[in-house]
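Right after this note come the structures.
Look for subunit A in each of the two complexes below; its partner is subunit B in the first and subunit C in the second.
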Partner chain A sequence: MSENIKVSPWLDSSHKPYIEIQNVTKRFGEFTAIDNLTLDIYKNEFFSLLGPSGCGKTTLLRMLAGFEKITDGKILLDGEDISEIPPHLRPINMMFQSYALFPHMTVEKNIAFGLKQDNLPANEINQRVEEMLELVELTDFANRKPNQLSGGQSQRVALARSLAKRPKLLLLDEPLGALDKRLREQTQFELMDIQEKLEVTFVIVTHDQEEAMTVSSRIGVMDSGNLVQVATPAEIYEAPINKDVADFIGDVNILKGIYKGQNEIGTQLLSEDSNSIVFATQDAGASVEDEMWFAIRPEKLEISRTKPSHNHNILKGKIEDIAYGGSFSTYHVKLDNGKILKAIRANRERTKEHHLTWDDEVYLQWAAHSAVVLLS
Partner chain B sequence: MKLTQTNPNFFKSIFNGRNAVIAIPYIWLLLLFLLPFIYVLKISFAETIYARPPYSPLLIWGDSWLPSIKASFDNYLFLFSDSLYIKAYLSSLKIAFISTILTLIIGYSIAYSVARAPTRWRGILLMLVILPFWTSFLIRVYAWIGILKTEGLLNLALMSIGIIEKPLMIMNTDLAVYIGIIYSYLPFMILPLYANLEKMDMSLLEAAADLGCRPFKAFWTVTIPLSLPGIMAGCFLVFIPVMGEFVIPDLLGGSETLMIGKVLWTEFFYNRDWPVASAVAILLLAILVVPIMLYQRSQEKAIS
Partner chain C sequence: MKRFGAFNIFSLIVGFSFLYIPIILLILFSFNESRLVTVWGGFSTKWYGELLQNQGIKDAAWVTIKVAFVSSTMATILGTIAGLVMTRFGNFKGRTLFSGMIYAPMVMPEVIIGLSTLLMFVALAIDRGIFTVTLAHITFSMCYVAVVVQSRMSSYDDSLTEAALDLGCTPFRTFMLITLPIILPAVVSGWLLSFTLSLDDLVIASFTSGPGSTTLPMKIYSMVRLGVTPEINAVSTILVGVVTLGVIAASLIGRRQKQQILKTQHT
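Entry: the complex of A and B
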């Protein structure tokens, strides 16, 4: 998570938001891509827009850049309404998903392109280009053409080019999408370092939830043109607002059931799967007999061959599949009614004695505070 | 292994199916380009005689078993002694150059707007560009006579609107030749330009705008440099054939319109001076070798 923001300005009403997206709607003909969306982003945030393809996240980013005209509503940057300002006059730069490097220009010329548009003196441009090349460690590649660069190098040139003008806001459209996994993870940390060093506000669009979790100060989860939940990565993961968010971010087990009121442990749910009452500490805020769901992350489901001593929040099943992941294993446990739950267990022991294996009869249990109560 | 020994599979390896396929274009060029070219080259060194064919033979079989060669550069020297030919070459270069530039300007704007049109329109628009090819080139040039002549469609239209009182004298001038050339060669300019502009990554223009570049400047600093291969291809495809153009200046041009293609035709058919006509053709080819090679190189670059 980005540490640039030591406090959480979004919790403090005295902080003024840096970017204010106010009731923005974008229609393409009959199709509504963004539907009356309102969002505040604060200075120095590393904000991620996350969502499945077609959810409108890229459209929102392109409206911030000025490539798409807003149908309704307005966008303020640092208190100034930028809705009507054309892209070439906005103090905002974008790093394109395809990188969009000019193929007929060298790395150096690509980075200098934006600075030249401002008619800066030549020595200042050179100095700034030099700085940028150092920042992305490409000084030796200054005279290469884009087609002589690797994917990772192109990505860094694109980043350097978009940062050269010291924008108030940097937009990144799937910046790491074209890189392989190892390079992507390494680059995520580089991005965070650069963001901290330059103190630029970053808004990133991604469909990779792990990436969003790693880099962001906050994540906005989008679906069908609107924000479903805006929160820190930990909040999104541990307290998703509904089944879709829970399912989209990380793995999750969803138990469906009927709300049976509160007791001394907490919320009681008559589970469809076990035909018994299961509990969660969190308050439901629903009326009795409502349909309701519990979401339990796989690492919070404890798996064991022996029957636990207590007798609530226990489900019995059989191991159907095991995915060995080195440091941990994921067990697919089939309940009596055929439903499959996932449980993750760290592989702490090297010996085989404690190992669970296929077709083992196992008990799944969870602490009442590990389950999230969802009403939709 | 002895190096001198012929591999028994040697001939088999040469006359295989793959080589046969590759050989087809070479045989084609050999028969339909190289041999006729050598023939024309040979005639260009001959003298005009009243005979059939109307030129002296190159090789004379005398008493000795080796033929004597009778070649003269008189025809080439003649081309430089009579200012008509030099003027015709220069005039052709000028007309080819100006019409290439004008075709480029018109063709670029058409290719650009087709490439930027909605996808569903592009096929139809491109079809409209190619459609004139369905009619004979000659007929289309004749049609321009009907439009441009003194009592033609253009003058009638302009006079009926009241823009002009007296008919414009366009027919049989250089202007008519330019109109005819630009009209006829426009598709050759549009097609390579379109092929280039259509595949251009639009995000490059967005990137330019994002970095503070005005749309007009982005056109000059991004679009034009990136479409250079298309511009080169289009210009050469127009310049090279226009240089030797004969039909358009003959039909639309006046007596003052001087083009080397017309001169060549006159030498060949009116004067029946095959050797001089051949020399004119060879010299024309020599002049065009430079742009043809430049075109080849630009195409190779575009491929790699």
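Entry: the complex of A and C
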């Protein structure tokens, strides 16, 4: 992240947002794709729109690019209302999911295409194309046609082409979706490097939550045309706003129960699953006897065969399944009522040493501050 | 590979013989020395020489080429636009009616098209000539171009157009620089198709032509009524040659384009 993003401009009211999406609604006939959505994005952010397919994230991106007309509301870029500006006049470029490389042009011509539309002098175009080719390390491929490139190379040409005009804002629609896992991870870091180097604001659409966590300054989680939560990756993971977000981002165990008020440890919940009281330090802000949920990430559950000495935040169960993942193992622990919880344990010693195996009676415990209280 | 049975081979031979032996005979006898069309009198190209002397046939050929060239060019422009509209504008109101009207000439009897266009020209008091034949040919060959272009456009990635717009290209330039070059093979094969259709049309031309605008097929037809001459064989051979070349070119272009699409889809 570049220098000025480290100060989290979204927390500082003196910072002016770079992109202001104000009460935007988009309807396709009867169907409402985006429902009165408001969002501010700041300069040099790497902002991710994350959500299941059909949540409206791509529609929002296409409205920023100008391919979809806004039904209601407006979008401002750097203080200027761009809602009515057609796509070819917006200082915004987009990288397409299918890359959309022009098949009848060489790599070089593809990258030069946008610059030529601006009638720049030939030597400046050549210089910029060269810069871009260097940036994405494709100098040797300048004269290839798109059908002679691999998936990863095509992706980099598409990126170079969309960056060549030095847009104020770069939109990326599932930019890494077509790459295999290893290449995707490598490219994520390249994207971050490039974004830092060029100081362009990135808005990326993805359904891959890991990708969003890795690259973003902030994530906007969307569902049925609305933003559910906008926060940094860590906040979204550690403090999801509701069950859906908790479930969508990473693995999670959710305990349902009845709110029993606060005490000196924190919020008390009578768990349906263990019929005992569990605690979280977080203030619930609910009234007694309300239905409520606790979310605990699997890596925050401690699994052991010996009964802990204290007696709160403990669940007893049996190991149902073990998924050995090399550096860690995931244990599926079946509680007495049949509910299965996931616990992740880092394999700090070799598996032989700790003797946790199928059908073992185990205790799951967690610190009161690692559970999240959810009201919906 | 599955082998053909004796019966299949037999029917294949009979079928193709029925279709092509007359044409082969026609071509053979155009090189006949003798004036009699059914008696072989040795090899000669004299009837082709004779053709060059026949002002009537030369005029008709010139008219045909002019009509075919202009009508296929116009039909290609209009047909391409129609094909684009059908694929790019989604389900607009009246789409079914629109596509029905575009494709109707393909199944409409030629006599009906010829007759109705004739009636229209009479009603509008337009003198019949090269202009009216050309108009009629544009009308019936446009639908073939529309079909070819539409089938190409159905595998065209719309984000190519969006990418060009996004990079600051105006909609018109986007069409000229991106869409048209990509669908060009389809457009060219549509042009060749309508060119050959116009070249060998007899019925519609008979209805819509006037004095001085006799096309080659019409000329051949009227000559045959006075008896088949080797000259007719010669001119028909040339016509067959041109049409065959056109069709082969169209299908070669079509095949190359299909391979290109496959190639881009693989990567």
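We take it that the second predicted complex is superposed on the first by the 371 of 376 C-alpha atoms of A that agree within 3 Å, B and C clash if a C-alpha of one lies under 4 Å from a C-alpha of the other, contacts with A are read in each partner's own complex, and residues count from 1 in each chain.
To be clear about the criterion, contacts are C-beta pairs under 8 Å (C-beta built on N, C-alpha and C of every residue); 3 or more make two chains touch, one makes a residue touch a chain.
Everything quoted here is computed from the prediction, not taken from an experiment.
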| request: Give one word, clash or fit, describing how subunit B and subunit C relate on subunit A after superposing. | output: clash
| request: Pick one for A:169: touches subunit B only (first), subunit C only (second), both, or neither. | output: neither
| request: Once the structures are superposed on A, label A:118 by its partner contacts, choosing first (subunit B), second (subunit C), both or neither. | output: both
| request: Please indicate which partner A:94 is in contact with in the superposed arrangement: first for subunit B, second for subunit C, both, or neither. | output: both
| Which superposed partner A:102 touches (first subunit B, second subunit C, both, neither) | both
| task | Considering only the touch criterion stated at the top, classify A:154 as touching first (subunit B), second (subunit C), both, or neither. | result | second
| said: Once the two complexes are aligned on chain A, which partner has more residues of subunit A within touching range, subunit B or subunit C? | reply: C
| message | Tell me the contact category for A:146 with respect to subunit B and subunit C: first, second, both or neither. | response | second
| Across the two complexes, what residues of subunit A are contacted by subunit B and by subunit C? | 65-67, 86-89, 92-94, 96, 98, 100, 102-104, 113-114, 117-118, 161-162, 165
| Residues of subunit A that touch subunit B when the two form their complex | 65-67, 86-89, 92-94, 96, 98, 100-104, 113-114, 117-118, 161-162, 165
| subunit B residues within the subunit A interface of the complex | 201, 203-204, 206-215, 217, 222, 225-226
| In the complex formed with subunit A, which residues of subunit C make contact? | 157, 159-160, 162-171, 173-174, 178, 181-182, 260, 263-264, 266-267
| said: Under the definition above, what is the set of subunit A residues touching subunit C in their complex? | reply: 65-67, 86-89, 92-94, 96-98, 100, 102-104, 113-114, 117-118, 146-151, 154, 161-162, 165
